[in-house]
Amino acid sequence: MAIDKRIETAKEVISKIFDGAVIMVSGFGGAGFPNFLLEILRDAEPKELTLVANSATHPYSLTHSLIEAKMVRKVIVTAARGRGKELSPFEEQWRDGSIELECVPQGNFAERIRAGGAGIPAFYSPTGYGTDLATGKETRKINGKNCVLEEAITGDFALIRGDRADRFGNINFNTTQMNFAPAMATACEVTIAEVREAIDEALPTTDVHLPSVYVNHVIATGREV
Amino acid sequence: MKPLNRNQIAWRAAQDIPDGNVVNLGLGMPVLVSNYIPSDRDVFLQSENGILGVGPEASELNINPNLVDAGSRKVTLRDGASLFDSANSFAMIRGGHIDITILGAFEVSISGDLANWDSKIPDKGPLVGGAMDLAVGAKSTWTMMQYNTKDGSPRLLNYCNLPLTARKCVNRIYTDIAVVDVTNQGFIAIELLESITAEELNTRTEAEISLASDCKPLQAPADLI
Amino acid sequence: MKPLNRNQIAWRAAQDIPDGNVVNLGLGMPVLVSNYIPSDRDVFLQSENGILGVGPEASELNINPNLVDAGSRKVTLRDGASLFDSANSFAMIRGGHIDITILGAFEVSISGDLANWDSKIPDKGPLVGGAMDLAVGAKSTWTMMQYNTKDGSPRLLNYCNLPLTARKCVNRIYTDIAVVDVTNQGFIAIELLESITAEELNTRTEAEISLASDCKPLQAPADLI
Amino acid sequence: MAIDKRIETAKEVISKIFDGAVIMVSGFGGAGFPNFLLEILRDAEPKELTLVANSATHPYSLTHSLIEAKMVRKVIVTAARGRGKELSPFEEQWRDGSIELECVPQGNFAERIRAGGAGIPAFYSPTGYGTDLATGKETRKINGKNCVLEEAITGDFALIRGDRADRFGNINFNTTQMNFAPAMATACEVTIAEVREAIDEALPTTDVHLPSVYVNHVIATGREV
């Protein structure tokens, strides 16, 4: 049967996100946030989610709206500081002990997700050695370099944003929209991609940044970002 | 000459970037360095969200909302630029392919330890981003900072008080009153504001600091404001 | 029906590939499977040198000397194909993103151990290629082989004699006389050539083997030669 | 000064390859072999080389010519079996004990090289566990999966082949020409790339498969393969 991963509405696939699921959300600095999908996820209101995203507090990403809606039990992030002196909703919940925080150096964060998708259960990284973010982690000196043992991160659902997709699920990204999306798509059981445009014919191989095998569902939003 | 302002510190650091180098500039003061790289030098700026060859900030005319740098600024690409995902970007950083990273700093210890990511403001969330990876991965780590805190406390210390970013990583420190090398013989000022004596520098430094035998006056164009 | 020839074994295996699956075919007999995938199934063939979506072998008309598969054949790409480097290809394999790998085999043990890479010919060098990664990484590992060696020795054993490729990895075995599942209850023939009795099958097998309660006659089109 | 990594002849840069150097050579199945550079290397005749290449015996790659010229002390490969029953030159030297062999599963091979370029000194892989190729290696059960500790591979020189390059050193590959080249370029001190065509203007970012930072010298050969 001809493969076609395009969907008309995302409500049904998002509704499969269960209480307690581990969700990865792409995006960095205003580029690559799957905000169309996050709106639907917020309305679906699963509870006790673990969120894996670069930032828990980025104003352009609707990741923070899931936290504000008290849907999140734990975040794994590289940034969790709200702008300004007032506490952000995340920081308030964190202070109150109602949300758990795992703060990870961004390179270890990206590599742990990549490892999760690549079948590498753990690796040694020099990053973070001797810092508070390596507290309790196993260390080892390899070829004279002090390293920390870092475990892979995997997830149940990846929500990512691309520019173009084809019916096979191949994804093309616009410049820095890429950031964490390819790694996250490899590391999750189910990947849902929102894109500006989803086409019938196959993307040229030279335009494919994320191979179809990593993508389960594609929805076109028409949005530029 | 008065103590250097932020742009003058950035100018001073920019003069030391060798032709052909690949440089990653941290958030805050370091990103100003890009404005002052001498025109006879061809330098590639790396941005950890996935750019090698960041160009000038975008204007209304050439803005691409998906093309941002690590500071969330809308940017352009320079000639010869390339793009990649976050896992590959940090492979580039961790793998030692960045010549210099210039980072902001709260504190630097005499052995080169860096504290720049957690200022311990009560209840504010942490923000580590790529700092730990950059400090460990770049061939050289420079910092830019005010020589002393607002209340006059030293930032060049025997041991850092704030949480560490990385151990033994800082090679050079650019400040408003001195340029300081971190060496096996401790801190050595290689440039010092003419109005400041060695004795005064010492009182403003917790750790031992000496003047290089060929220590020069710290200078910067007066018209940079 | 006579024992199946190589093409008939390939045909038989091809019938069991589900629609939409991603399949990696090993060198030798397995690569023949691509000729017999039923036309109502849309299957992506992965080649470990960096192709998802291998198409038919190239002809003089459409040959690209740089486009080869893992067997060094000049090939084409199918609609929706993508290309990547070897590190990413094995990330795909090791990470569990390949549904089925079909590999040649010298020996399979009752616990699913596979020996297929080193036949211990004196002084000939080893050739492991991607076999160990595929056997460990694919969701299902099938093997294709003659049921017995040329001199009649069993290949379905209690323990492999030849060096292992991977432990406990084989799920199913396609041969000239039977299709055998590797289960917690040992080898179970799910299809058997009509001319062969259970007793004869047992004598040709070192390990315990039983017939499935619904064991069917092994058949393949007679015109495949 | 304007960056220009293009060279007119490769003799001088190849002459810097010293006795005992570790050389990585790209290529798989007839695609991506840097045979132009290997001819020059063979004539330069450095001794006691360690070669890191997919195959020690592939007939289309001139890697084997270095072995035949007795320039190689050790090979790290996934394949070392000559075609046919006669022993290949490699196999003769191996039998005589005059060349050392490290045979590595192809996925571990690619990942170890990637790790070498990415600043990951070691990682755990499920591939090879319980086989002769893991003999003597540290093992560990992680999340129920038996793994082998695999160390990064780094090198002194990478010789790779691409299709197009620009003066900055950005490389574009033609389809499966890519294979091991990107990982090898990241893992070596000096990377020399032969390409069909080297252009003055920058490659479009969408055509860059290997960023310029990983490439030191580029030479155009005009050859299609």
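Letters A, B, C and D mark the chains in the order given here, with residues in each chain numbered from 1 onward.
The criterion applied here is as follows: a contact is a pair of C-beta atoms (placed from the backbone, for glycine too) under 8 Å apart; a residue touches a chain by one contact, two chains touch by 3 or more.
Since the model is a prediction, treat every value here as computed from it, not as a measurement.
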item	value
Given subunit C and subunit D, the chains that contact each of them	A
Fewest hops from subunit A to subunit D - one hop per pair of touching chains	1
Subunit A-subunit B separation of Cα centroids, rounded to whole Å	29
Approximate Å spacing (C-alpha centroids) for the pair subunit B, subunit D	36
Distance between chain centroids, defined by C-alpha means - subunit B, subunit C (Å)	56
Two or more partner chains touched - positions in subunit A	111, 114, 118-120, 125-126, 175, 205
Sites on subunit B at which at least two other chains make contact	77, 83-84, 90-91, 93-94, 136-137
Category of the chain touch graph - line, ring, star, complete, other	other
Interchain contacts, given as pairs of chains that touch	A-B, A-C, A-D, B-D, C-D
Sites on subunit B touched by subunit A in the complex	47-51, 64-72, 74, 77, 83-87, 89-91, 93-94, 118, 123-133, 136-137, 163-167
Contact footprint of subunit B on subunit A as seen in their complex	28-32, 56-57, 60, 78-82, 87-88, 90-91, 94-95, 101, 103-108, 110-111, 113-114, 125-133, 146, 163, 174-183, 209, 224-225
Subunit A partner contacts - residues on subunit C that touch it in the complex	19-20, 22, 40-42, 44, 46, 52, 77, 79-84, 90-98, 136-137
Complex contact set, residues of subunit A against subunit D	111, 115, 118-126, 142-143, 145, 147, 151, 175, 205-207
Interface residues, subunit D side, partner subunit B - complex	1-3, 114, 116-120, 166-168, 170, 186, 201-203, 205, 208, 211-214
